[in-house]
Amino acid sequence: MLLNVENITVHYSRLPALRDVSVSVDEGEIVCVVGPNGAGKSTTLLAISGVLNPTSGDITFDGKKINGMAPEMVARAGISQVPEGRHVFTTLNVEENLRIGTSIRSDRSEIEKDFKHVLEIFPVLAERRRQAAGKLSGGEQQMLVIGRALLTNPRIMTIDEPSLGLAPNLVDRVYETLIDLRNDRGLTLLIVEQSSERALKVADRLYVLRSGQMQLEGNAADLQDGVKVRQAYFGFEDDAAAEDEAVF
Amino acid sequence: MDYIIQTVISALSFGSFYALGALGIGLLFSVLRLINFAHGDFITVGGFALIVPSSAVVATVAIGGFHPVFTILCIVAIVVALALFSYFFVFQHSQTSSPATMMIVSFALGYTLQNAIVMIYGGRPKAVNVFPALTGQVQLSDGISVQILQLVIIAVTWILLISLVLFLKRTKVGVQMRAAAEDFRMARMLGVNGKRVIALAFILSGGLAGIMSLLFVTQTGVLTFRMGVPIMLFFFIATVIGGMGSLVGAVVGGYAVGIVSVVLSATLPEELRGFRDACVFLFVIIILLARPQGIVLTKAAKERV
Amino acid sequence: MIEANTPLLRLIRYFWPLVVLCVGLLIVVVIVDASGDIILAQTLVEGLVRIVIVAALYLFIGNSGIISFGHIGFVMVGAYATAWQTCCPYTREMFMPGLPTYLLNNSHHFILAIFLGGLLAALVALISGIAIMRMSGIAASIGTFAFMMVLYSAYLRWSTWTSGASSVIGLPTTTTPWVGYVYAVIALAGAFLYSRSKFGLALRSSRDDEVAAKAAGVNVFGQRLLAFVVSAFFCGMAGGLFGHFLGMLTVDSFYLGMTFITLSMLVVGGMQSLSGAVVGVVILSIVIDVLRRLESGIGGVTIPTSSAEVGVGLILLIILIFRRTGITGNQEIYWPFKADISASAAMKRQS
């Protein structure tokens, strides 16, 4: 396993947001974590990125323990997060945004190659290279932050709700791009999603998180009918009741 | 007409001074959300570093007596060291607190510095003569003579401003600082070294304070342990009116405050002269009533809903 | 175990922190009064006046979450307003020649004078608060600082009413420990009742989450203004008390020093607790007293002047870095006995 989150508990002050949560991601996999609002999905990613410190449990990356590391060191280790809400640097232009992550790399020529490659994957960014990032549309910003994370040359990219606030066709494009990245570059992906339908289409393996605890884990292939996922998502024993609640 | 030109230059000079000061405040606020109430006291320390510690009324100049370039370097270095010291030993530990708590921390630091100065130098004002050549006048044309120092202040300000802009836009570290100022957490997640960026902000802020202490002491010729307080306050007013979190706003606010200050000095009737500062505050309050977030809007000023 | 199961006991339990503080202070006052030591009595009075100020600070800062650097301005307004009414009937014209004829020729009883001083401070707070409380929390704090400086420089220049940089001498020294105690109790009770009232609750909601409070219908501006004005009233009265304690007034005493000391007392004790206000005053008063005596030299040990200020500054920094919530941890003094009657009664009913 490339990334191993083992039984972590994360507190916000005295409130436990995650209890005994485990997630693992193997090299080259696409793993999705789904769950309703407030389940703790973002918290999990923030704990991996070093922004939050688990009160117990361990996170290992490539065999090394990374819980407790500062975020900038986690980035250097090879984990790059695209957080919820995009977070472009609005006062910087597109190019400055893209290049921000390259400071952790020292290989000049490789950086330039990667930079050109990102502009190829997202031609719209090449067009708007000098524009202030705040002026981009939602979809363009999403492309920008993915490209930005890519330029840190990560081994694993964690993405928090890439579909948030985007029109469905744009979401399709984003996911196409992500899958291509995995297929072409072998990039490992850990994606947090609210829509389990979307997740089931894209993931190799799926986790369902609810109220800070892991409810279900399995191969996406086995869970395709969505029954078990719905149950875990909403917390119903009875499948009939779950179907009434289904929003997708 | 001549009087007007002199007033204009005076206003620009004052405005430049306040712009520099507001910039020093703004740098730390944008990166760290820190309201540094000790900034004025950093300036005071820079001033007192010019003289030998004693309680004499006429100060014996120590560093102030070196070759001008050396004096400048030394004073700036001392204030920068003080700024870094306060970051590592004071502010770093309260970084996770609310801006309000950090504000009290800086207030405590400033007050402690003031009284430490009293302990070392005594409480009485001291006369000090530094860069006397600058206090002379220069004839610009018939009837218009301005103080050289005023022109120097304007020039120094613009040199520093342009350097800062180049630094923030063209250097890698500068771009990192801008990114960190906007979204500190995100910058760190992309590998930007948080501590380094903040330390850099303190170095820049301290450097500005050091230069300002030289300008201020050359102008007034007096050192008092509380001299940093009123100017610090004006810098804050400038930042508030210009728009907190924006460096451009800080400069705009600084000029606004400086210009209004001089205009009031020139136009207020005799009896109200002493209340000039109160009038400046009144002006600021009126602006804030109309536009509470300040003149230049930034993400920092907008409420997160 | 004493359960709060009678109306009287329930009342006491509700007011418990206030009761403890007032009784505790009463004991101190009785002891000092009995000892007859004048110096001790003076330190006590100074402490009691500070309690009035810091309780007022707690009322505003503790509930609104906005740091105010300006309340000492209100203390000054109240102090001089009192002086205009009670000071030196025969030499008043000499110190403050610009006063209106009514004030030059008449004097009020000190209780009325102090009360009117508080009212004037409240009025000043109302006017300035309308502007300041509109600003965001941090900007408002800067605004209060600016306000204090403006008042200070205004009073300094307004020499026909305040004697400018020189002192006004000759106020009747009517602030005895008992007088001080009564006002301290009034201030503590006022701060306590305000905090427990719906106004205090509404204000605290804006402290914790301004947007949510507004969404819940709280008039944040109005509540902040109210707390600002009420706390200014108490500060104004404290100013009058102070003047009647020292017997003289100087504008310079109402500037950074007093601002810093009173704010430190609140923070060290615990910004969000009334008990913290008192604890902070007591502890720092002792520290300052000890350091001042060392400055004058005891037993051969002398420390430089201003060491007291540096000492307080360092203490404040240490508290802010290591224990932000102050000595009391932002908690009040709790009812030490078995708690809720309704819960235990309900349990009894169930079984």
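Note that the chains are named A, B and C in the order they appear, and that numbering of residues resets to 1 at the start of each chain.
The rule is short, and it goes like this: a contact is a pair of C-beta atoms (placed from the backbone, for glycine too) under 8 Å apart; a residue touches a chain by one contact, two chains touch by 3 or more.
Everything quoted here is computed from the prediction, not taken from an experiment.
Asker: Which chains, if any, touch chain A and chain B both?
Answerer: Of all the chains present, none is in contact with both chain A and chain B.
Asker: Identify the chain pair joined by the greatest number of C-beta pairs in contact.
Answerer: Going pair by pair, the biggest contact count turns up for B-C.
Asker: When the mean CA coordinate of each chain is compared with the mean CA coordinate of the whole protein, which chain is closest?
Answerer: Central chain: B.
Asker: Name the chain whose C-alpha centroid is most distant from the C-alpha centroid of chain C.
Answerer: A
Asker: How many angstrom lie between the CA centroids of chain A and chain B, rounded to a whole number?
Answerer: 43
Asker: When the centre of a chain is set as the mean of its C-alpha atoms, what distance in Å lies between chain A and chain C?
Answerer: 52
Asker: With chain centres defined as C-alpha means, what is the inter-centre distance between chain B and chain C in Å?
Answerer: Those two chain centres are 32 Å apart.
Asker: Which stretch or stretches of chain A touch chain B in the complex?
Answerer: Its residues touching chain B are 49, 51, 70-72, 74-76, 80-81, 83, 87, 89-92, 96-97, 99-101, 103-104, 148-149, 152.
Asker: How about chain B: which of its residues touch chain A in the complex?
Answerer: Residues in contact with chain A: 172, 175-176, 178-179, 182-183, 185-194, 298-299.
Asker: Across the complex, what residues on chain B touch chain C?
Answerer: So the residues of chain B in touch with chain C come to 35, 37, 90, 93-94, 97, 99-101, 103-105, 107-109, 111-112, 114-116, 118-119, 123, 226, 229-230, 233, 236-237, 240, 244, 274-275, 277-278, 281, 284-285, 288-289, 292-293, 301, 303-305.
Asker: Under the definition above, what is the set of chain C residues touching chain B in their complex?
Answerer: Of all residues in chain C, those touching chain B are 65-67, 69, 131-132, 134-139, 141-143, 145-147, 149-150, 153-154, 157, 211, 256, 260, 263-264, 267, 304-307, 309-310, 313-314, 316-317, 320-322, 324.
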